[in-house]
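Input: structures, listed below.
Two complexes, one shared chain (chain A), two partners (chain B, chain C).
And now, the complex of A and B:
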């Protein structure tokens, strides 16, 4: 949680917080890398970062939002804080759009608000006026603040809303899905400890919360990078589970009523499952862009709840369905042929 | 840390560095009215500037540890954006002669329209995209209240007075509020640009002056590349058309680098309101992070103190004069 402002004067951060929005890009075709660069060009003079290995990935420059408000706290204590929240957008394989807002908090800050230029040279840092109990704030952030308290989710939302209006999007998504929200906090780990996940919670309303411990000096952009990756894969699981939920199995297969009827009714399985095959199955690639120091965090998630295990089971189920369907249609072909 | 085996250059941010002096000393702005006032005006101007320029040099030398010679470059800005007048061939030799008469050397000459668009880079538009408005207290991540497109304030504007309905008294006037006020406000609302009916945008003088300050502080980049790079003056004379003159010309081949850790501008006090506006703009502009870091690292290696805040890196001498 280091890499603070230009001067040496910036105190080290004790808490990093953020929120990620993940959704399907509402276009019929995935955006290619050039279109992605155009789509994410939030600033005229800054490049969109483009990567083609191990998958297509584009990330916008950071944009800042100024805040001056109380921080959410678990015990209702009022701590005013001033600074900037950094937000960025990323597009994976031209198909999944994520907006992510984050900031880090030093343990204490100046007693009164400084000239705004002081905060602009510390991008993504929000300084408390006075001292801060980072545990209280961490709990407050994860629990969701009250109205008027710092809300990074709103900032991620605003960027998402702005991007979803982009003229490059035809607003015709290939499948139905819901956006998810992932809210995270990262506290410093012990002096000799590696990173760890203390809690990962699936809550209602597509909200996930993550509480991390990271070694001191881990840049908050890297933590945000891990959380983006986690949010992406959690969204993939959520979305594919829902696709399969929409599939009532076995009996619903309409009885064969002749060739024309079969062609119309039969594709129930294919119609439901195919968009997932076309647009989602190739996106699974945990840790693709997680820095080495934070990669061990994934191992915990693979152990329990077992992200990749569940994904493989889902993929296998989809393939089985398609195979059964293929066999079924062959069987009917045989039946219909005198 | 071990070196990564695999790298993708398009996936990494990169920012090219620019050479830096300790001080960029501006010897003046020239507008059409100055030119129309005749060479006498220029002569008076440089005579007024001379002692202050020397004072600025002495102050820069005093700030340099170990009595080493500070790197100082001088510059002069000509307005060719708001009004086109004269020609480089006519004006520049006159300007140089008058500076020389006062014992001043102009190292770099810049055209104001270069602050709007340099080559093909829409510089002013890009800087406009970097404005991060100072949040009034109570901003919690919601949309900024009543952002006025094309305007930038140093606080909260007065609420818009609506026409009172019949039988209702009009709402009492609410004052605007400077966010960084000390007890009382000095509220300033700056017009950054205006658009004509054809959609043609004209940037305001304070906004271009803010871009000019960022250029002098070495903090402008376009996709990581330096912009507003000085071109050597190789021809014997100066062109007939302003467009043929590079946006920034190095007139003195032995000059120290154009960009510097700090700037100082010597100008008549009629520029005071413009320069107040420049500070309001710079205080709310997020500059390229790579460039900011490079300046911080280089100045630290030289034991030079550079203020964190960009607006605090600029200084002025206002002399009494037209």
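And now, the complex of A and C:
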């Protein structure tokens, strides 16, 4: 995990960590590219990255948060660290909002805290005071730190909160969905090894954790890019699965003791799946923003658990449901009222 | 949809009834959040039978969240964390039921813009995630009431639908108090208008729920003497007139929950099991709760044909 930009002088990183928040943008209409640029213009001095191929994508400039606090460690050891965490926000197809914060850690740092100037020329680098057991910190980060310890998730969340207050948002989400969190660490791979996923877990309902190995010299922004992509597609799967959970199939007969109207009023198939068709199905595009060196990581995910395979099954199910309902023209004109 | 549960006095059955409404909505497949803004005495955890947090969570409750001490308030998945044996087996096709508990010992507090912004952040996030969000508010014209009045009048919340349920018992004092909470000088409507609400729209979004109402026809009272029955009828009639005179007559009542012995003994959820198998609860109570739960989103009960 090398350094980029002005951080060149920092020692080699042995660990990169980050967290991504992914949620549906709460607006009735997806933002177009110009609105996206306005929405993500977090800094006056830097432009928003905009891209229209292979899909509509906008990414804010990095904003830095200064930190000086203990790192989370698996064994409770206290390692103070000082530096800056880089955070950014991205919008895919004007519809899915992600905020992502990350930093990298060198194996050791100065024994004493340096003036801020020292840290400011190393954006996204957090230096331990003294030596660092990166394995302990990696486990500590994935396990979630204690109160007062460095928490990249909080930084990602603060950025999300800030963006969600933006006046461009009309707060009329087209469907109910849950935000997800993906927490990741990347350790150096062996000298001749390519990148690999050591573990990918769905910890709690909304929390995913990923442990990666990446070739030394991989910039942490690129690792964050891969993790953003993974988080986006994991969120899409999670969300569409839940949309389909909302379907009541079969005869919809009321339970023994008539629950007046409750069951019969269950939303019609079209009303349930239409928001997914309108807003989500076209978003599936794994690896669209992943650098070539890390692309092999996706092949592993496609093998097991088989992200795209599951997605295609879901899409097929939605299409089949719609086809069935097209046959019964009774349901054809259902109004969209989420 | 946001549903604010308010009452003028304590002991009106506000918390237990609104928790039951949340439960009923979740059974019909809605994803439901239950937000405990009863800062003085968080009771929701007890109603949902969630251990450990029975008096609010220690440090990550809504109070800490609003004060900016934590970024995200604690959430409790009721189906998974309840100790209620029947609730643990999450009914098929039910939606999620998530409790946002208050803090232990978090009383009312004075606060400003920051807490309001955070309150709006929370309500908006929940609005994106849940179909129905029941917000249980401290009794009276409390800080919690003022905060949500200000939040719902805020431009960021302009597209989020909300409704108010005002709970009161079926006695003279409670009827007068409930009417006062809504209509009087320092009531919800005046307070809302001061914060930017449209008076008519706000008035149209408020309905009353009469709780713990003795039904003279019910078998509970059938053993009384004819004199008692006649007296009860007369009282009931007088209360109806009183309610109508105070602007909370039948036309703005969303439902009536009959007096339920188990709820007098213990704040709890009324399940189908309680009615059908063990028969400790009355069928009428469960039906009333189911009915009110449905009417929450039935526009015809909210003056919108």
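Things worth noting here:
Just so it is clear, the second predicted complex is superposed on the first by the 308 of 338 C-alpha atoms of A that agree within 3 Å, B and C clash if a C-alpha of one lies under 4 Å from a C-alpha of the other, contacts with A are read in each partner's own complex, and residues count from 1 in each chain.
Keep this in mind: a contact is a pair of C-beta atoms (placed from the backbone, for glycine too) under 8 Å apart; a residue touches a chain by one contact, two chains touch by 3 or more.
Note that the structure is a prediction, hence the values are computed from the model and not measured.
In the superposition on chain A, A:26 makes contact with chain C only, while chain B stays out of contact range.
Of the two partner chains placed by the overlay, only chain B lies in contact with A:53; chain C stays clear of it.
Of the two partner chains, both chain B and chain C are touched by A:158.
Counting residues of chain A touched by each partner, chain B versus chain C, the larger count belongs to B.
Contacts of A:171 after superposition: chain C is touched, whereas chain B is not reached. Shared interface residues of chain A, touching chain B in one complex and chain C in the other, are 154, 158. In the complex of the two chains, the chain C residues touching chain A come out as 27-29, 31, 71-72, 77, 93, 117, 121, 124-125, 127-131, 155-160, 272, 276, 290-291, 294.
The residues of chain B lying in touch with chain A in their complex are 6, 8, 10-13, 121-123, 125-127, 129-130, 132-144, 179-180, 221-224, 282-289, 292-293, 295-296, 300, 308-312.
Of all residues in chain A, those touching chain C in their complex are 23-24, 26, 154, 157-158, 161, 164-165, 167, 170-173, 176-179, 205, 246, 248, 257, 259-263, 265-266. Against chain B, in their complex, chain A makes its touches with residues 5-9, 42-47, 49-53, 57, 63-70, 80, 82, 84-85, 101, 113, 115-118, 120-121, 123, 145, 148-155, 158.
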